[in-house]
Structure formats: C-alpha cells, structure tokens
Amino acid sequence: MGDFCRVPNYIKVGILSLDFKIKIGGAAGQGMQTVGHTLSHVFTKGGYQAFLIQDYQSRIRGGHNTSTVRIRDGYVSAMTEGVDVLIALNKETIDLHREEVPQGGAIIYDGEKIKLTQQDACLINVPLDRLASEKGGNKIYSNSVAAGAALGLMRYDFNPLADMLKEMFIQKGEAAEDNVRAARAGYEFTANNFSRQFNRNLTPLNDRRRMLISGNEALALGALAAGCKFMSAYPMTPSTGITTYLAGKTREWGLIVEQAEDEIAAINMAIGASYAGVRSLTATSGGGFCLMVEGLGLAGMTETPIVIVEGQRPGPSTGLPTRTEQADLEFVLHAAHGEFPRAVLTPGTAEEAFYLMGKAFNLAEKYQTPVIVMSDQHLADSYWTIDNLDISRVTIDRGELLATKDLAKMDGYKRHAFTDSGISPRALPGEPGIVVVTDSDEHDEEGHLTEDLDIRRRMVRKRMKKLEGLGAEIAPPRTYSTEGAKTLLIGWGSTYGALKEAVDMLNADGASTGMMHISELWPFPAEPVTKALERAEKCFVVENNATGQLARIIRTETGKKVTGNILKFDGLPFSPEYIIAGLK
Amino acid sequence: MGDFCRVPNYIKVGILSLDFKIKIGGAAGQGMQTVGHTLSHVFTKGGYQAFLIQDYQSRIRGGHNTSTVRIRDGYVSAMTEGVDVLIALNKETIDLHREEVPQGGAIIYDGEKIKLTQQDACLINVPLDRLASEKGGNKIYSNSVAAGAALGLMRYDFNPLADMLKEMFIQKGEAAEDNVRAARAGYEFTANNFSRQFNRNLTPLNDRRRMLISGNEALALGALAAGCKFMSAYPMTPSTGITTYLAGKTREWGLIVEQAEDEIAAINMAIGASYAGVRSLTATSGGGFCLMVEGLGLAGMTETPIVIVEGQRPGPSTGLPTRTEQADLEFVLHAAHGEFPRAVLTPGTAEEAFYLMGKAFNLAEKYQTPVIVMSDQHLADSYWTIDNLDISRVTIDRGELLATKDLAKMDGYKRHAFTDSGISPRALPGEPGIVVVTDSDEHDEEGHLTEDLDIRRRMVRKRMKKLEGLGAEIAPPRTYSTEGAKTLLIGWGSTYGALKEAVDMLNADGASTGMMHISELWPFPAEPVTKALERAEKCFVVENNATGQLARIIRTETGKKVTGNILKFDGLPFSPEYIIAGLK
Amino acid sequence: MVELKDYQGQETAWCPGCGNFMILRAVQEALVGLDMEPHEVLLVSGIGQSGKLPHYMKCNTFNSLHGRTLPPATGAKLANHELTVIAIAGDGDCYGEGGNHFMHTIRRNINITLVVHNNQVYGLTKGQASPTSEIGFVTKVQPEGVFESAFNPISVAVALNASFVARGFTGEKNHLVGLLQKAIQHDGFALVDILQPCPSFNKLNTFKWYKDRVYKIEDEEPGYDPRDRMAAFQKAQEWGDRIPIGLIYHCERLTMEEQEPVLARGPLVKQPFDRSGFEKLLKEFY
Amino acid sequence: MVELKDYQGQETAWCPGCGNFMILRAVQEALVGLDMEPHEVLLVSGIGQSGKLPHYMKCNTFNSLHGRTLPPATGAKLANHELTVIAIAGDGDCYGEGGNHFMHTIRRNINITLVVHNNQVYGLTKGQASPTSEIGFVTKVQPEGVFESAFNPISVAVALNASFVARGFTGEKNHLVGLLQKAIQHDGFALVDILQPCPSFNKLNTFKWYKDRVYKIEDEEPGYDPRDRMAAFQKAQEWGDRIPIGLIYHCERLTMEEQEPVLARGPLVKQPFDRSGFEKLLKEFY
C-alpha cells in the first residue's frame, strides 16, 4: 500500500552523501521535542550536522505534535520531504505521517498499543511503554526508550545518548539513571531485533565540537553579546523563548528582564531604559507588535534607540499561535503613523540571527531610531548545528554618545541639535550641568515642545536624513549560485535554507538557478536587488504568506515585477521540494 | 514696506469673479473660530459660497490662532495665498500675517492696543475693545465688534449677522442682544469711517439657501444617514468633533455613543456591537489608530463589519496635534499583522465625506470586514458652503444578513461557511435555534478554533477572495480637465480643492493640466490610474507628507513611476499657489 | 426544558486534571439550571486556556483577543441587551493585558457576568507568572521569583464599588454553580473570580493547596453581610492560610443600560431605523 | 544651593487661573527644598495639559505618550536608579488611557513619585469627561451626564497596597509641597493625586468647590494613622461635602530595586559590560 502522493518523486533521500531524517510524533506532553533535541545533540557530537524543526499545536497536553531532525555530514538548514525513521508515540502519528516514509524507511511504534499491518516501510515494533516501565520504572520514559530505539536501529554509539540524558535530567533534578536504563532498553531491543533488517548502520564521523542552537537562543545570545542590559516583554509565542533565555542570565550577565503587564508597557519601558542609557530590547509576535506600534513611533520621534524582535506566526489576529508565517512584513515596514526612519533585519539562519542582533543594536544607537528584527516560528523554534558563534565579530558601536568629558567641553547641550547627518549627539540624563529633554510632540533642538512650523520642517528633514546613513549600512543580499543563472529565487527570513537547497536540487537536475536572500531588508537594498533581477531571466519570490509582500516591495523599490510568487500560508515552512513544485 | 515674499506674484485676488478672503487672528479663547464661522454663514445666506479653514495651536488659551474664510460666487474648496481683510485681535496677528495683505487690502486692528504705521494695506483702526465694553457691556465681545467691522467695511447688509449672533448666543444661553449691539457698533464704525477708502462694497447675491458644514460634521451626518447605531471612541484631535456631533444626537437618532477608557476598548466595543448586529463606528487620529491595530485584525479575522475614521495630523507620535498631514496612508493600508481584506476611502470634500461614510458602512457589511475612512485636520475642521446633502443617495445595503425566516429555512447555520464569493451569510446572535460563533484564532466554518491546516488554507483563500468583490465596488478616481492634458496632478483626501484650483490657475495661464483625485483608494483602482498616467506626459503626486506615500503605492500597483512629488509637511494645507510653485 | 446536552461543544484540549473542566461544567449547569437556551446566551472570551471554554460549549460565542474580553462584551450587550452576556477570561488575560478594561467595566456597571479562570499563572504560554502569582513564585521568566505583589482582584473590585464580587473554587462545583447563577441573575456587573488549579504549570497553588485553605463564607460566617463595604474590603484581604469563597460584596447601583435613555426603547439591534427626520436635521446647517 | 531659578523653563501655555500653575510651582519648590539639582531629576510626563509641565521646568525630561507616563519612568528608573524619577500625569492620562500601568506600577513598588493633575476632566482635548468626573457631569460628549461611577484613585491605590498614597490640592500650595517632598523621599512608589481646578472646562469642580470641601487630615484628625489600612480605605471613600487631603496611606514594602539582585551592583547604566564570559556561556550549546 502507501499512497506516496505527499512525497514528491524527486525526493533524493540517500542520494546526496548522508541525509537521514527522523520524525517523532505524539501528543503534547509526551516529550517529542526532548527526543528530537537529544538526538540532534547526539549526532552533532558525533561530527554530523543537524537541523531540527518543531510542529506543535496551541495546547499543553494531547493533540498532535511532531519534532523532525535531519542529519547530514555538512551544514543543513532546511527540511526536505519524507522521513527515514518515523517514531510514533501515538496512533495519530502513523495515520498522519506513514506516507512520508518511503520504502526502506522504518516506523518505530509500540505494537502493544498500536496495531499496524501492511507497510512498505519496515515495521519496528518496540514495546515502548513496557520497556519504560520495566527498565526505567515509569511509563513516562517511553520517549527515552524511543530515542534509544532509533539509535539502536542504526547501531549508532549509545554512550553519547546516555551522557546527554544524564546531563539533562540531572539539571531537571529527575531520575537520570532511570532514563538511561529506559533508553538502553530501547537501544538494545532494536539493535538486536531490527538493525540487520533496516541495514543502515551509522557511526560517529569525528569528534569535532559544534554547537546546536535554536533561532531564539541565537537571537538572545546576540542581544547578550551586544551588551543588551534591559529587556521588557510580555509572553507571546514564538518569541517567549528569547525572554526565557535572557531571564535565566540576568545575574550572570548583569541585565534586567522585566515581564510587563502588556506589550504597551513592554515597549515603553524599554524606551525609558534606553533613554536612560542602556541597550534595550523587547520581543513579541504580530499581535503584541500591534500594541507596540504607538511606542514605535515614540522611539522614532524621540530618537530613542530600541530593538524589537517581531516573531511572526500565522494571522490575522490570534491565527495559528504555534505555526509559522511571514505575513507581517509590510505591516512592520509601515507601522505607526507619521514618518521616521527605521531598519528591518530578517535573518535566515541561527548564525544570522546572532550577528544581526549585534548589528541591530549598533544601528539603533548610531541612528537613534527603532530597529526591528523579524523572526518567525520556523526560525525561532528550529535548531541548527553550527560551527561557532564568534563574539569577536560582534562590535559594539554606541554611535554619537557623549561622555561626561565631551559634555564639559560643550557649550550647552541640545538633545535634538540640527546636524548634517541628521544625528544629534546623545547625552544621558544624570550628567552634571546639562539636562536631556525630549518629547513625543514636535520639538525644538533642545527637545522642548514647539509649534514653530519652520522648526517642524527642519526636524522632519533632520530625522529623515538619517535614512541616508542607515541605508549605507545595509549589506547587499546574500546570493548563491547566481553566476549566469537563468532563474532567480528570492526570499527573506527563515526561508533561507529551503531556498538554498531548492537551488542545489534544481541545479543537480541540470537547471540554471540561483538565489538571493535578503536578510537586511530595510532601508531596502534597491541597487543590488535591481542588478540581480536584471541578470536573471525569471525571478520568483518565495514567501510564507498569501499575497506576496516582498514581491510588492520589490516592485515599489525597483520598479520591477517578478515573474511569479511561490507562496505558502498553511502555517508550515517551505520544503525545497515545495518550492521546486511551485516553479512548475 | 511689505516684503511680499510669502505671496507668490501669480496671486489672482480679484481677477476671477468674486474672490474675497478675511483672516481673523488672535490668541486661543478670543473667539476667532466664532467670527470665521459667523461670517461664513452670513455670506452663505447671501448667496455666496464660503470655504473656511482653521489654524490653531494645541492650547486652550493664548498662543496664536487664525480662522480664514474665502468667499466666492461659486463653489470653493481651497484657500489661496493672501487675504483681503486681516482682522488682528492681537499684535502677533499683524507680525505674522501683515505680509499676506496686498496693496488694496485692509487690516482691521485696535489702535488703542496695537500701534501700526507704514503699511501698503489700508489701516482700519477700530477701537474693538472699547466698543465692546461701551456698546456690548463686556470686552469679550470684541470679536463681535470685529465681525461687524469687517462687514461694515464692505457695507454688506448687517441684518444676517444680527440674526446669526442672536441665534447662536441664545443657544449658548448668553447675552445675545449685547453681542448684536457690539457688532453693530463695529459695523457702523467702519461703514462710516473706512468703507469709502476701502471701496469694495459687497451686496447679497440672492437668497438661495445653502448649507455650511465642516468635514467632521459631514462625516458624522454620513454615519447617521447610514444608520450607524453605535459609536465608541476616545477623544483625539482632529476626530473628536465626530463623536461630539453624534453624542448630541443620541436620543433623537436612537444611537449610543460611548466614550471608552482607551482606543483599544473603543474599537473592541464597536466590534462587539457590530457582531451583535448594529452598524458601528469608531473615530480617532494616528496615535489612537496605533492602539486600534490589533482590533482591526480582529475585525478582519472574525469578519465583523466596522467603520473607522482615521483623522490624520502631523506625526510621528504626538507630533503637532492640531495641524494637518497625510502621512498615515501606508500605515493604514498595512496595519495589523497577517493578511485580510480592507477598504480605505479618502474623501476630499465635505460632500464626499458624507457620501463615502454611507459607502463605508455598506462595504463593511457587504464584505464583513473593516473599512477605514481617512480624514485629516484640514478636512475635519474646514467648512464648506454646499448645496445640499441628499439622503436619497445614501442607500443602506447590509449585505448577506440573514433574517429569522431565512434561518428557519436553513439546515444548520455556519458563520464562516465557505462560499464562492468568500462572503458567508451573516446571522446575528439571539436567533432561536442557531448559535453564532466566531474566533480570532483560525476557525472552521462554524467559527470554532481549528488547527486543521487544510481548513486554514481554505479560510485564508475565502477571506482574501472578498477582495475581488470589494475591488469591483471601488469607483474610478475623479478626473478634471484631463482631456488632452499634458500634465497630471494626482492627489487623495483633503487636497482636492487645492489641486482643482491649481489646475484652473495653470490652465488660465495657458498650461495644459488635469487632475486625478483618488477618494476611494483601496482596493487600489489600478486600471483607471494606469490609464490616466499613460495619457499624460508628466505626472505629479501632491501629498501632505515628507516621503510621497501615494507615489509609492502607485508604483507598486501600476508599475509606473511618477515624474515628481510635490510635498508639504509643515502642518499646513496646500494652497494652489504652493502646488504650482512645486511644479517649477 | 434546556438540558446539559444542549450545551455540548467541541472536544476539549485542556490538560488532564485541569481545573478548567470544572468551570466548563459549572457554567453549563448554571445555564441549564436557569433554563436559558443557548441562543439566548453570548459567551465572549479572550485568549488563554480559559478563552477556549466557549468552544467546548454550544452557544453564541465571540472569542476575542487576549486581554480584550470585556470591551466586545460591553459592545454586544449595549447592542442587544436581551442577550445574557458572560465574559470568560484568564487571570493574565483580564488582570494583566486587560486590566484597564477590568476597572472601567466595573465603573460602567453593565449587566455582564465576568468569569475569571484564576490559575495564578499564564497557562497557554507555558508557565510565566501572572498578575495573581504570589511573591516568590519561580518560573523560567521569573527565576528569582516574582517581585511584584499579587494583584488582588477582589480588593480592587470592592475598591471600585463593583456591584457583585464573588470568589469560587473549582473544587467546590455546586457552590460555584450557585455563585454563577447569582451572578448571572444579578442586575449589573458581576465578577466571579475562580481559583483554578493548573497542574501543568502552577505547582505551588495546587488543588490540594486551595482545598486546604478555602472556606465558604456562608458556612463559617453566617452573619457576614456582603452589603457591608468595609467588611468586604477586610474579607478581600484574607489570603494565605484561609481563603474565603462565596459572595464577598454586593451593592445596588444603576446599570449602564438603565441609565442609557436610548435603551428604554428596547434593544438597539431591534430598534427600527427611521431616517425621516434627516431633512429636519439638516436645517441646523442652513 | 539649588534655587528656584535653576528650575525655570519655557513660557507656559496654560489658561489663566489654571490650577496647573500651582502644581508647577509646588514641584519646583519641593525639589529646591530638597536641594536636588536639575540633572539629578527626571520628569516623565504623558500628553495632556499636565504633560506640558516638564517643559516649564528645567530638568531631564521625557515627555512620552498619552497614558504612558509610568512605563518609560519605570524603564528609566531601572536603568539608572540614581535618578529621582517623577512621573507627571493627568487624570485621563493616568487613570483612563494608562489605567493598566497605574495598577501594575503600584504592584512593582518601584521608587517613583507619581503626580496626577486631577482636574476631573479632559483639558487639552476640550472638556470631555475623565474617569474621575462625577456621575451626572455634563459635557458635549456626555450630554446626558456621565453614567459611570467616578474612578477613585485613592481607593484603588489602597486596595493595591500602594506604599504611599496622598491627596493634595492646588489651593494649598505649602501643604502640597510638603506632600511632594515626602513622596519623593519615600522609598517606593508614591502617588500624589492633586485636585486641580480647570476653569476652562470643569465648571462644576471649581476652585471654590474644592476649597469649600477639602480639609487637611493632619489638622482635623491628628490621631489619624496612615498605616492603618482599613482606616485608609474608609478615608478613601470620603468625597462630597468633605474631602480629605494629606497622607492617606503608607506602608513598608520592598521596592523593586531592592529585590532586583542586579541592581545591588549599582545603576545598570554604570555597570561595565564584560563579555569575557561569552565563550564559557556558549559551552551550554556544545
């Protein structure tokens, strides 16, 4: 049986060097994310590189969630269609995902709970619950049994898993040994009974140390590395992880993380803290960002630096709270009434997330204006194996920030002084002899409210002038394989990995395709984008939304119309195969 | 003396048939607006047509405000440069505005308070305060003296003014007779001493009855005529006038006007009321609209009709609270995360404000989605003499609203049923036998929360599908004098009058200019706009903002780049002369 | 006769052992006991675990935004005051994000029943402190424990002279049904704050923790007079070893609907729209 | 020695006879009396007539959004707690638009003084009812008179156990100066709600209206103990013929700054940033 309709037939499992995918499915609360994360770690330690994605519902227990890890012997940043091993912690996993397992793949399931017959895949019947109870002492360890079973099937070294589990459960203060015993039982069960049949043994490659990190962790680390000292936020999926990470580091890193009563308070507190002199951050999702819009304009008008992470999820409104989408771009570009400069950064990978956070703080302070870093659930919740994060690449440039000694030399301080660059040197409140005044009303150079319309005109020009400097800081989009390429795929944000792999697949099939990924989106890099568009015969914009927002922005900023849009708005990220199918 | 730099030399005062301008300046609290309004009424009653604009500061007493009325013998919707009579209730008025008075114009002032010498204009020294005290019994009636003095100067019939003052002050419960006596004293003083010298007698034209109405009043009347039954709002200049007007009509017109605790409550209350079945409105300015953005998305997702008036003022942030600007357009078009259909209407005159409010309610209900009517301080606070508002042109189309009898025939009701048009027939809560369910989360046809991603896809398509019908309802932009015109001026919203008059002035000078005014802006009327752009050699977009927002939208929607932008962002409206200068 | 099955809704998505099940059941029983038909009832909810409740019922439902339960409920009630409007909210939802509406809706004294699922934690977003979390409550976002004093909704409601203020507990279902019925029947704004264990994220204020502490005012203090505001304020401060449940405060105030003259003519939505006076209205402008 | 002229600011734009002049003067005198230098003080204001006050002073000023006085004040205080932070707000500003922050800032007990210019009306927007307007107050937007019960800030602050709650009156300047000084010196959040006549738009609660009613608690009830919460709640309800001014409630609570361990090392803005531990931090991810 097996109607493989959902696995496009250009799937290339096993054709490239190593490419191995394991999907764990079950109800919320069964620990799929833990298994996925643990396995990703185990393989990372073995010299492989992992990419792990999470698909979960907006509930705490029950329902249906999956965690899918892909393992390669090189950098990986996308999830392709199909899985090699499906671990089913419940029946629904089999119903929904059995067709993703091609011939030669395996389904690990608990035959004592689920009855299965007739599969093209190997059926790996493991008494998960029983082994968990018998060996671990508790049925809840069945996820550890399953993790062990997956490794046993490939006869992969068991020890890294044991170490991982110990470390993890000791931290959580739970019975580490019980878990290890449960995992070992799973391991031995499949190693002994099924590994021959499955016949895809895997051994650690080397012991090169690499990191396994999620998008949210990378964003949070980027803020820490940039010297962020204040964060105020209100919980909202998918950005809460940033707050959680930073909240755990406050003592060690000397920062304050305050949970605000609402998003309005969150952004306004951050603005207040920034005015008083510390690098400040807030993070939210589209709904919370809606409430921050007035504060955004306040930062623009008072020229107060502020970094906002906008982690997108499918809208409108509450939408699908735990899924992914990229439908907030035009909103973010135009949010708040009136006109003021802003920068919008749209990282595509964990590394970019880290480094662009550093850049965000620098731009915010140099240009004294809000900077928005756009993320989405796919970026925020996915994990990457990466080589390293190099803090020496994170410079801290606080812009024209006046020290006490500078001020002593000055003859009267004016917070909003007119300058050629539009940037007024910034002093902090508390400096003897001067006062720092600013206002959400139109103001004069000192910062005092004014209704002098000549000053108004000049202040508008001064603020907008900053766009020039800001624009010059924007790096050109990353291109890949564009040399002589006839078709150009264009994307922004979390689609990076899927785009790149689509290009590889297409070119492997003889096509001539390149990609351009925009991760520094505003001020829009119109010149390099125009050039790239002109070089290709066909250009497709790939976006996780229903209307093709980047395509419209490209049209406004370059005058060019792209050949087509490849869109997706069902809450799930792109696979390379989906992009390829969209080209046809 | 008189450095006439601020009065461009193509000024045409007196060359066209009748064109007469009176500016009254003084401190807040001195009653300039009353004088301006009263004079506008007096001339309207005499068969003339008036256009009255207000320029005021964000304070209750003191400072410097003006009210300027232009009188013509035909429809007038713009204020040109220069004034014929300047009434100075304080010294500042003279300092700031004397140069606007050309040779042959007059300055009415109180020589007992202000010393004036050397003017090109006639100096009309009237003891305003003294006459007010002596004849009216109170110095505060000096504004009535001034109004009388202005009329006396032209030897215009005094009686209409007396009637107006009586009516007005009796309503306010103040001493009507004292005011009339004060006005008469002013009248006689100038009629006797200065009217010969000034030599521009004016007599009533006819007794054709016309209305004098402000943009805010027209918007409010439009809502009333459309059957709006619920308004919740939070005060914010320049839209408060709408709330005030409707609040005064609640008993008579059977509607509820609730002042909310904040704008978030305002929009969400209006959404609740609309869900329960009544036509609902809210009104605000940019800052308040920022706070409504999340609610906007809620209306989009739950498919709840709602009309929002967004009265713009100069931003960003608090900006210039009492001045005008058109810098919220892109924000309004893209406000709220995620994607859903909306309509944006941008009336240019009082009549349009009235009729488009009716259309707004119809579109909101037919397409079950938010409709935003954009106003600004210039539209809101200006007064027009107009022929009539014709309620028979205001149809009420509540769209697919199911009555009890329709429901009885149906087999189970689904609030968000899939349909070809994307419009799901709407029932109201309270109908026996059915329940009306909706959700800000993605939902199924019944309105229940769902995480079924197939339904998600279909629901997105269903909602977006409504854009087609909505787009077809949008009227093409108004064009004027475009036949064979080489240059096209393009505008939206309150610039209508200035644009039209600029065209007239240019063509009178032998140019070949036309205009296109967009008052139904979204879904964008791309086809007619493209055609108009193609027909002209040069196209200029005229906008009260700093970045040329409509020009960018035109580029996105039509692919065309306009020749140039004529922009203004000092808080004041355009004059035709300013536009013409911008072309050079 | 309305029956429980008339209120049967979608399958639930709450965690096993969650106090919300009891609230759902109590709301259903209260409505059935009052013989109200589903079409006469409108539930307006916010976003959070509590916000899902209406989906597990079957009646008119407007599931609004996080924190915004009360404004749409107010709008809907003013548009059709024949509907029985019940606002369903979470503690974060109503006292955090929506705190301003909580205060101002009390001021309006509109005839709405507000049911707050107070689990002293943010459930749906996985366990951050809520405004009602106690000082010292440790979470991943509050690793040093909560610094802010806990929001006391009863105290604030009494301070604002709310016309009906009660506290229930999910472990006392019948008592809760009674409170809900009184609240629904009360003419004016009624707050029913419900202590609701969240076994997934609140390991401090567990079912047992509450069970050991709550007492019914009517049982233990039969002389307690909920019309005595000072006594109510004092009672509102009781928290710790002993936590009172029951009707804490009650006063007579005119409702918004009673004061709004337009509503004397019947529900707004049913009032015919008569434009015949328009020409007359325009006279103002001539 | 700091002098009044050190605090001299821009020209005022208030109406003649406005109570705000007295508040301005009182704030200036309070700071001068405490010998605080302008650079040590940060005024954060909202939008409204009150929001203009800082421009008429000369000290650090963050004039923020309508309703958002407290969040930026909180952020600034946490970033540099050596600054004396005073939040200046209007009644609409603070109890209407910003009501949620009012409650939650009290919960935080951060060391900020909140000065509310309570004129019981929206001044800058020309006379609509504010949350503190009395039932029946007629305006152009409330032509039938206000229906909602007036917001009682003192009552709510006491209900939330605010650590310093006082009421002043612009007609009692010296008394007000004293209250402001105590509030500024108080370690924790301090509310000073000031009865402020608005001759332009509040024709009900005029200077005389207040003058005829206010009495100083310390004068008339020397035995009054502001540490007695029940007494304070009772006093908070006094309104009408007799309106108490003075310190109404006072309690000891840990401030947010005291609880935040990071601040024990000094103001955040002055703490050096040390990235040397970054490599170690990354170990978590290997």
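Structure notes:
A, B, C and D are the chain letters, set down in written order, and residue numbers restart from 1 in every chain.
Here is the rule we use: a residue touches a chain if its C-beta (ideal position, glycine included) is under 8 Å from a C-beta of that chain, and two chains touch if they have at least 3 such contacts.
Source: prediction; values computed, not measured.
Contact count check for A-C and A-D (C-beta pairs in contact): higher for A-D.
For subunit D, the chain with the farthest CA centroid is A. A separation of 30 Å divides the Cα centre of subunit C from that of subunit D. Per-chain CA centroids place subunit A at a distance of 37 Å from subunit C. If you average the CA atoms of subunit B and of subunit C, the two centres end up 42 Å from each other.
Each of residues 57-58, 63, 250-251, 261-262, 264, 287, 294, 298, 302, 317-318, 321, 439-441 in subunit B touches at least two other chains. Residue positions 47, 65, 96, 99-100, 103-104, 131, 144, 260-261 of subunit D are each in touch with at least two other chains. On subunit A, the positions that touch subunit B within their shared complex are 57-58, 63, 264, 285-287, 289-291, 293-294, 297-298, 300-302, 312, 314-321, 323, 325, 327-328, 330-331, 333-340, 439-442, 451, 453-454, 456-457, 460-461, 464, 545-547, 552-553, 555-556, 559, 561, 569-572. By the touch criterion stated above, subunit A contacts subunit C in their complex at residues 29, 57-63, 234-237, 240, 243-244, 247-248, 250-251, 257, 259, 261-262, 287, 317-318, 321. Of all residues in subunit C, only 96, 98-100, 103-104, 107-109, 131, 144, 147-152, 155-156, 158-161, 229-230, 233-234, 236-237, 253-254, 256, 259-261 touch subunit D in the complex they form. The touching residues of subunit C, counted against subunit B in their complex, run 9-10, 37-40, 42, 44, 47, 52, 54-55, 58-65, 68, 70-80, 82-83, 100-101, 103-104, 260-263, 265, 268-269, 271, 273-275, 277-279, 281-282, 285-286. Those residues of subunit A whose C-beta lies close enough to touch subunit D in the complex are 209-213, 217, 221, 224-225, 227, 229-230, 232, 249-256, 258, 260-262, 264-278, 280, 294-295, 298, 302, 388-389, 391, 396, 428-441, 447-449.
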